[in-house]
Every structure is written in structure tokens, then in C-alpha cells.
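Next come the structures, one after another.
Each of the next two complexes has chain A plus one more chain, namely chain B in the first and chain C in the second.
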Partner chain A sequence: MKSRTIKVDYLARVEGECALLVKMKGQQVTDVKLKVFEPPRFFEAFLRGRRFNEAPDITARICGICPVAYQMSACHAMEDAFGVKIPDPIRALRRLLYCGEWIESHALHVYLLHAPDFLGYEDAIRMAKDHPLEVQRGLRLKKAGNAIVNLLGGREIHPINVRVGGFYKIPKQAEFSALAEELKWARDAAIETVRWVATFPIPDFKRDYEFVALRHPDEYPFNEGRLVSSKGLDIPVREYEQHFVEEHVAHSNALQSVLKERDAYLVGPLARYSLNFDRLSPVAQEAARSAGLDSVCQNPFQSIIVRSVETVYACDEALRIIGDFKMPDKAWVDVEPRVSTGYGCTEAPRGIIYHRYRLDDRGVILDAKIVPPTSQNQKTIEGDLWQYVPANIEMQKDRLQWRCEAAVRNYDPCISCATHFLKLQIERE
Partner chain B sequence: MAKRKPKLAVWKFSSCDGCQLSLLDCEDELLAVAEAVEIANFPEASRAVVKGPYDLSLVEGSITTAHDAERIHGIRRASKFLVTIGACATAGGIQALRNFKDVKEFTSIVYARPDYIETLKKSTPITDHVFVDFELRGCPINKYQLVEVLSAYLNGRKPNTPPHAVCIECKQRGTVCVMVAGGTPCMGPVTQAGCGALCPAYARGCYGCFGPKETPNTPALSEWWSGLGVSERDLVRAYRSFNAYAEPFRRESESHEK
Partner chain C sequence: MTPERPSIVIIGVGNEYRSDDGVGVVIARRLKAQLPTEIKILEGSGEGASLLEAWQGATSVVVLDAAHSGAPPGTVHRFDASTEAIPSAFLNYSTHAFSVAEAVELSRVLHELPPHLIVYGIEGSNFEAGVGLSPVVEDAVKLVVARVVSELRH
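Moving on to the complex of A and B:
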């Protein structure tokens, strides 16, 4: 029987270094491996002995794409440990900062990393030759998100203004208000984005995923909520490790996370959306419906639409927060270290990031655990390929390889994070 | 005959991807840059790979595996100019904290199966392995400095990136000194400029993410910090962050370690 291999040694348009190997024998897939060869960096090891207030700046360096997510999970974990409640005005500004990161990260992925797959371009720069207006719109949208992070965080990558308890300094109300005009443009551009990506040729593909995301009583989730799943999980964040376990597989420098009771699960836009559709603002819900989306989305290739819907939401929410702006009395609340363990989980653009720290009486970190979104999605990505490849086995090799790459990019995998992720080979023997 | 566009390559080693992302974060300049150069190898942005040699290679990340220690030589051979971008490539990065400890212990803390992990004992900057034409500092780099470096190399001149301390940028910006006036420990006096003195502008002390400036007087700064009540252990922590293995910071941290 004829055997074939698809092999991608260095998967492009993802953040970090990974490879993909798919082995086929006749009509059967015999192996799928997402290999992470991003070298390990040992964050959890060198966090030991560092002070609690260093965690937001250190863990930001796990990932240049979603540093805010790491900073937020670290802050919430420390505040949980020390029993600190964050006043509403600071809480609102944290949501605003997260809106900025979602807008810039989603716009980056939708326009620069993922859209070229659907339209058949090697990259967005080549795509810009035929679609200049769209690429320019994507860049401007990205910039609108970055403008929020820039103002409130100090800079786009590895912001400097986040601290346990709040911020170092709150910019003036007028500086926030100055963002509003561009954000109104961005919200319209995001709605245009939803319309644009909804016209893409989307493969007919569906799986019965277990979606996992945060759920909050009133809000679309960023920083807070219970961990819920589409198959009945409903737990507080501090019980995460009782239900999820990380496995270390030989072909990867990343740890793969599974649900103990069941198996692989999915985090990120598809999960957040499907578990929290009712929490989206009316304008975001309307954008989703007009693109033909149901309130649950099980086609990972439609993640590009969902990401665009979330961008609409993030622009809308940012405008709401800026409109309701209230200057906090003080930029941060003081914290008092104590012997404790703190848990934090927030929604990075790619899905939940879990942090747990054990601390001594002076606030020195005794041990740390960090679970990034991509390690949680890794097994699900492999699962998608197990199902996607046989259905498309007759496809010409180059085309099939590209489609497999696109299937991985559905997850906006961030491999720098996952090391703590991937090489594509498709092998037909 | 039309003039050939210079070929630009971007390479990644151990890092967070933030510095190469800085290029994609140049929303206003990206398409212009793509007009001026041929982006020949930039996996974070493109599937397309054009064979070398390359006119300019930007290298992000530090060397932490035997395979990478080999790979960098091939990149040097294929590159007319090689510029390192960021603290990892220039000083070993945050992952160089392993250099002060036993990497085996680190591996067993993070990974259930340490035997699956291949890693070197030390995380080292690119310049420890090959000749580097220019080092751009920062964790992350400043994107405008990156555009300056690209522009300089495309026009055959030296990049204009001042080597003075962050203090000068505070003065240029009109920020009142957080340390002298506010009593907040600040690494600005020994840290290279380039960020625009961000942290002091946000009412916090500089934490040294651009690494040591030219001829830094670290003992004098440590004395100042001690006067502000900073413990020896916290001094060690301060020098041991994103540029921990840069010589002046390494030496100073070791002098406060018992």
C-alpha cells in the first residue's frame, strides 16, 4: 500500500518554533505529531526565590505576543494569595488593557498570519499587493489596540505599568478620551473584518470539542470568573489542578494538558464564544449573526470569524470603559505578603493562562506553576489533523500540507509560550 | 537593469518572539520596509523562504542548545551583516538565569521527563559564538530603533543609537528623578538608553531591561540603593533579570552574593 509523509520542518506564521509530522498509509493516517522544538527556558524554575512583585515583569517575558495576559494572571494569583480586593476603577482599567491586547493580537493573527491561508498567499505582504485596503485596515486596527496598551502599559511589548495591586501610574482622563475617536473607527473596521472573513472559503469541518473558558456572571470573560466547560465542568480557578493534568510527550518540549476525567479540550476564541455568547455586547452578537454564526461554533476554521467578532467586542468594551472612566483614588492598592498559595487564571487572546504561586511570609516565591494556552490546545490540534487529513487524503501533497498548516494556525498557536510547542511533517510511506 | 532589492532575513533562537514582533508592530512602516527590502526569511510572518546569501540578518534569541550553537554559524556564513536584536541575543536573556544554577535541577523542576529535554548548561549571547556586526539592546527592543538599524544598513551607515544612560532620556523628557527626588530605587544610571526612559515616566524605577550602558558605575549605584534601604539579596535580584549575564551586571550581582 502506498505510504506518504507530510513534513513541515518549521511552521511559519506562528509565534515560536514548531514542526508538524503527518504519516499516512493508503487512506489511513498512522501518526500525527506536533513537535515543539522551541528550546525550554525554565521560567518556573527561576521564579523560585524571586519576590512576588517581580512575577508580572518576569512572566511577561514568556511571550512577546501576549505579555499582558501573563501579567494579569500573575497579578491575580498574587492578590488571591494575599487576600486583596481590587477597587472597581482599577479593575475596569485592567479590562481596558486586556481589550488592547486582544485587538492587537487578534488583528495580527486575522490579517497578517491567518487570512493569507484562506486567500492563497504565502504572507500578508504578498497579499497586500492584491488586497492593499484590507491589509492597511488590519494594520490600522492592530495599531488601535496597541495604542491602548501603549498608553496604559507604557509600551506594546512587555508593558511596564502593571503591578500587583494595580498600576504604577494612571494616565489622565483626557489621554484615554483621545483614544475614543480611533476606537470608534476600529469598531467599524472590526465589523468590516467580520464581513470580510465570512466570505472566505471555509472548509466544512466540525468536531465535538470540550470547550473550556472562564465564565463571569455579567461580563464576557477577561480576568475573572469560574472555569466552565461544554461538558459540565464548573469549578473555581483554585481547583484547576484537581481537574487538569500536564503530560510530557517525547516529541515535544511543551507539556500537553488534558482533563483528567475526559481527555483533550479546547481553549481560546471558539471556547470563549461558545460558552459566553450571551455575554457579548449586542453589536458583537449582531456581527456574529450577520456572518452566519450560531451561538456555538465547532468549526475551528471559523475561528478567524470568531476572532473578528471578539475584536468587535473588545473595541466596543474599550469604548464603554473609556466612556465610564473614573479616576481611581490611588493607582494601586497595597498588599501585605503572607504565607500562602495564590491562584490566577485569565483569558489570553489564545485562551486561558493559569498561574499558581506558593509564597513565604516575606512574599518570596517558593514554587510556581504556569500553564499557557497552547500547551492546553496541543492535543486538540493533533486531534483535528487525525480527522481532517483522512477526509482530504486525495488532495495534492503541496495543497494538503498547506491546509494542515492552516489547521494548526486555526489555534493562533504561540509556541514561545508553549515551551513550557511544534515541527509539520506529513509522511506518506 | 533594475537594482536588486537587499535581502532581509529574521532568525529566531531561544526567546519570547517579542523583538521580531516589533517589526510587525511597525504598523505605519511595515509595508514601506517590505517595499525597500526583499523579506527572504521571516517564518513568523511568511511561509516563503528565499535562499541565501542575505544582505542583512536580524537574530533574535540566545543560544541554549547544541543544535542552535551549530545553526548560528550557518546563518553567519550566509549573512553579509548580522545584527542581534534584543536582550536574549545580546546578553543571553532572562533564560540566562540558569547560568547561575544547575540546569539539571531546573529541568527536573519544570519537566516530568527531564530525559526528553536537550539543553546546554548556559544560555549565551550570539556574540559568544560568531562575529556580530551590531547589537541592538532592549527587552524588548524599541521598534523605532529597529527601523533606524534597518535604514542604516540599507544605506551603508552606522546606526544612531546613543550609548548613554537612561538618565539622559529622563532629562530630555523632563521627568523629575524618581531616585533623587522620590527615593525610588532606579537602575537608570547604569542602564543604556533607548526606551525613552519609560519607567520613570510612569513613576517607577528603571529595571534595566536595556542592559548595561557603556562604562557603568555599578558599585556606586549599589551604594545608593543600599542607602535607600535595599537589601543585598534584592540588589542581586535587581541585577539578575533580563540582562543578568551581561558582564557588568553579572559581576555586580556576584559581588553582593554571599
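Moving on to the complex of A and C:
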């Protein structure tokens, strides 16, 4: 029987390990394997013997795109361990910082990584030749998010101002106010983004996912809440490991997360949105409805619309926080180490990041566990391809390969968290 | 947002917890210790769109990154972005969904490329999770620091 192999180095044009393999025989898919590598395993070992206050800055280096998410989960876990409650003004500023990260991460993915898939371009550079205004809008939107992270994070690119208990230094009131004008532009640009992506040709595809996200009594989730799912899970963060388990799979260096009671699940924008639509601000809900979205979204290709809606929300929420800003008396609260185990889980742009630390009486880390969103979505991405490929098996191989890549990009897989290269291999027998 | 943009910007790119991937960051730190404070020196993760912002408005830019092109480890590649495209086989080992090379080319398409933009790519050998540079890459650091300092004098 004739066998064909297609290899694509889609991120880096170098030879490396295959990250996605799709095998087909006639009209049937016989295998789908997604391989990811997991720096968190290295970091878990690296953190042992370090002090609690080093965890936010060390784990921030796991990812160049979502350092804030790692810092936040690490801080919350340590504060949980030491029984510390963060005052409301500091809590609000953490939400503001998270807004900045969501805006920059979502704008990057929507405009530079995902939109070319829908508009039929190989990459954003080629797309920018025909759509320069849209690309410039995306870059400016991203910059508005960066401005928040730069201000609160203390410097450009890698934030260093976050500490267990709060911040090292709080910027001045006027510095926050100075962000507002651009954020008003950004909110309008984000609404425009929703309108733009809603015109994209979206494949007709749906799955009955188990969505998992944080849920807070009255906020769209960033830092806090219970872990809930669309199939009835409702637990405090500290019970995460009683319900979720990481399974070793032979084809991947990584561990795949599954729910013990059931199986694969989905984290990230689709899950957050579908479990928390009622917590979005009116302007974000309106943007979603005008784009034709229901309050639950089960089509992963529509994640580009949901990400854009979340960008509207993040701009809107950032403006609300800046408008209500009250200078805290102190930039941080002191913490007292004790023998303990702390749990933290926050909503990175790509979905929940879970941290757990066991500490001694001096606050030295005895062991650490970090579960990033991409490893949690890994099995669900494979599941999408098991269903998507047979429905499109007649497509020409180049086109099918491209569509498979796009299906993986629906999850905005965090390349630095999960893998060096995403290479795709399709074999037809 | 930074109100005043210095005209010279140096950006070291990479992840210091990925062994030789961090070479750009190491060079940036050494340069910071030697160069006048009016030269802006930044450390980046390599996420390309941030680079566009970092060099926006600058007249002269130097980007330092690890390379993984198959050349012998320690090899120093130098590209003048104003006259040539950056081969994408370079400079996109680790993070880099949108790499240095792509950031340069996107800037070019949008007519936002700084007048002078030099990219140094230092060939690494070990990109595994871990800290510290390979000895041969460490040697290249000294070379590049000297070259950049000399280049900025002229």
C-alpha cells in the first residue's frame, strides 16, 4: 500500500523532533500523536532548595509570553501556604497586571499567529502586505497591554516587580491614569477586532468538551475562584490533584493531564467564556452577541472570536480598575513562613496554571509541582484531530496539513511552555 | 510606555534557563556594565512583537540572540537588516512563535525598520533546560561584546 509522509517545520526551519503526527489509512485516521516537551519538570527540580520568595521570578522564566501567569500562581500558592490574605487594593492591581498580559498575549495570537490561518496566508508577514492597517492595529493593541505590564511589572518584557504578598513598588496614581487614554482606544480596537474576526470563514466543527476554568462569585476569573467544569466538577483549588492526574504517554516526553473520573478536558478561552459568560462586562457580552456567539462556545475554531471578546473584557476591566484605583498603604503584606503546603491556580491567557509547593519552617521549597495549560489541553487537541481529519479526508494533503496546524493553533499552544518546535507529519497509507 | 526613546537600543534575547539559548541576555548584561547609560539595553524573551516595540523610534539597534543553524557552536553570525533579510533558520530556537527574524521582516513590510539594525546570532550547542553557557559559547560572548563596543564607537 502506498505510504506518504509530509513533514513541516512550521516554527523553525530546522530538523528536530516531530511534534504532531497524523496517520491515515484510506478514509480512516489510524493515529494522532501530539508530542510536547516540558520545561516545568526541570523547573520543579530547580526550585527545590530555593526560598519561597524566589519562586515568582524563577517560574516567570518558564514562558516568555505569559510570565505574569506563572508569577501569579506562584504568589497565590505561597500566600495560601502561609495563610496570608491580600488587601483589596493590591488584589485589584494584580487583576490589572493580568489584564495587561491577556491583552498582549491575545492580540499577539489573534493578529500575528491565528488570523493568517483564516485569511489564507502562510504567516503574518505576508498577511501584513495586504492588511497593513489590521496588523498595525493588532500591534498597537498588544502595546497597550505591554504598557500595563511594563508599568506594574517594573520594566519592559520580563516583569520583576511582583513579590509574594504584593508588589515591590506601586507606581504613582498619575502613571496609572496615563494608561487610560490608550486603553480607551484599545477597548474600541478590541471591539473592532471582534467584528473583524467574526467575518472569517470558520469551519463547522463542534465537540462536547468538558470545559474547566476558575469561577469566582462575581468576577470573570483571573486570580481566584473555585475550579469548575461543564460536567459538574466544583472544587477548591487545593483539591486539584484529587481530581486531575497526569498520565505518562509513550509517544511524548510530557505527561498528559486527564480528569480521573472522566478523561480529557479543555482549559483556556473557550472554557472560561462558556463557564463565565455571565461574569463578562456588558460591553464584552454585547461584542460576543454581535459576533453571533452564544453564551457557550464549542467550536474551537471560534476561539479566535472568544479571545477577541476576552480582549474587550480585559481592556474594559483595566479601565474600571484604573478608575477605581486607591493607593495601598503598603505595596506588600509581610508573610511568615511555616511548615506547610500551598496551592495556587490562576487563569493564564491559555488556561489554568496550577502550582503546588511544600515548604519547611524557613520557607525553603521542599518540592514543587507546576501544571501549565498546554499540557492540560494536549489530549483534547489530539481528540479534535481524531474528529477533524476524517471529516476532511478528501482535502489535498497540503491543505489538510495546513488545516491540522490551524486546529492546533486554536489552542494558542504555548511554545516555550510546551515545545521547541511544532513540526507536523502526516502519513497516508 | 517610555516617553523618551534613546536613539541606540541593544536587545539581548533568550532564556537563561535554556543553557546556550540565554547567550544574548548574557551579552546584554556584560554590555550594560561597559556602555554609557544613555544607551538603552533590554533583555527580551524573543517574543517578536515586543521587539518591534522595543526598537520603535530608535535610529540604531543591535539584537543579540542564540542561533541554531548547524554551524559549529560558538560561530558568530552577523546580519545587517537594512541590506539583507534575516534567514529564518536562525534565531528561533526556543520561545519564538514569532521570532527575531520574523520581527525584522514584519518591521520591513510595515516600513518601520530602524535605519540601522544589526542582528548577531551566536551559534549554541546545548539548548536543554539548565543554566550556564557552553565553554565555546562563553568564548564567543567575549568576542561579541568587543565587537559591539567597537561598532558603537564608529
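Note that in this section the second predicted complex is superposed on the first by the 399 of 429 C-alpha atoms of A that agree within 3 Å, B and C clash if a C-alpha of one lies under 4 Å from a C-alpha of the other, contacts with A are read in each partner's own complex, and residues count from 1 in each chain.
Methods note: a contact is a pair of C-beta atoms (placed from the backbone, for glycine too) under 8 Å apart; a residue touches a chain by one contact, two chains touch by 3 or more.
Since we're looking at a predicted model, the values are computed, not measured.
Peer 1: One more residue to check, A:Arg48. First (chain B), second (chain C), both or neither?
Peer 2: first
Peer 1: Of the two partner chains, chain B (first) and chain C (second), which one does A:Met327 touch, if any: first, second, both, or neither?
Peer 2: Neither partner.
Peer 1: Touching A:Ile65 in the superposition: chain B (first), chain C (second), both, neither?
Peer 2: The answer is both, since A:Ile65 touches chain B and chain C.
Peer 1: Give the label of whichever partner, chain B or chain C, reaches more residues of chain A.
Peer 2: Comparing chain B with chain C, the partner touching more chain A residues is B.
Peer 1: On the A-aligned overlay, A:Ala128 touches which partner chain: chain B = first, chain C = second, or both, or neither?
Peer 2: Touch status of A:Ala128: both partners.
Peer 1: In the overlay, answer first, second, both or neither for which of chain B and chain C A:Asn146 touches.
Peer 2: both
Peer 1: So which bits of chain A does chain B touch that chain C touches too?
Peer 2: On chain A, the residues that contact chain B in one structure and chain C in the other are 11-14, 39, 41-43, 46, 58, 61-65, 67, 108, 112-113, 123-125, 128, 135-136, 139, 142-143, 146, 156-158, 416, 420.
Peer 1: Please give the residue numbers of chain B that touch chain A in the complex, ascending.
Peer 2: 12-22, 24-25, 27-28, 30-31, 34, 39, 42-48, 64-65, 68, 93-95, 97-98, 101, 103, 105-107, 109-113, 116-117, 119, 139-140, 195, 198-199, 201-204, 207, 209, 234, 237, 241-242
Peer 1: State the interface residues of chain C toward chain A in the complex, per the touch definition above.
Peer 2: Contact set of chain C toward chain A: 1-2, 15-18, 42-50, 52-54, 68-70, 88-89, 92-99, 102, 105-106, 109-110, 127, 129-130.
Peer 1: Give every residue of chain A touching chain B within the complex, in rising order.
Peer 2: Chain A reaches chain B through residues 10-17, 38-46, 48, 50-51, 54, 57-58, 61-65, 67, 108, 112-113, 122-126, 128, 135-136, 139-140, 142-143, 146, 154-158, 160-161, 163, 168-169, 246-250, 252-253, 255, 331, 367, 402, 405, 414, 416, 420.
Peer 1: In the complex, go through chain A and note every residue touching chain C.
Peer 2: Answer in residue numbers: 11-14, 39, 41-43, 46, 58, 61-65, 67, 104, 108, 112-113, 123-125, 128-129, 132, 135-136, 139, 142-143, 146-147, 150, 156-158, 178, 182, 415-416, 420.
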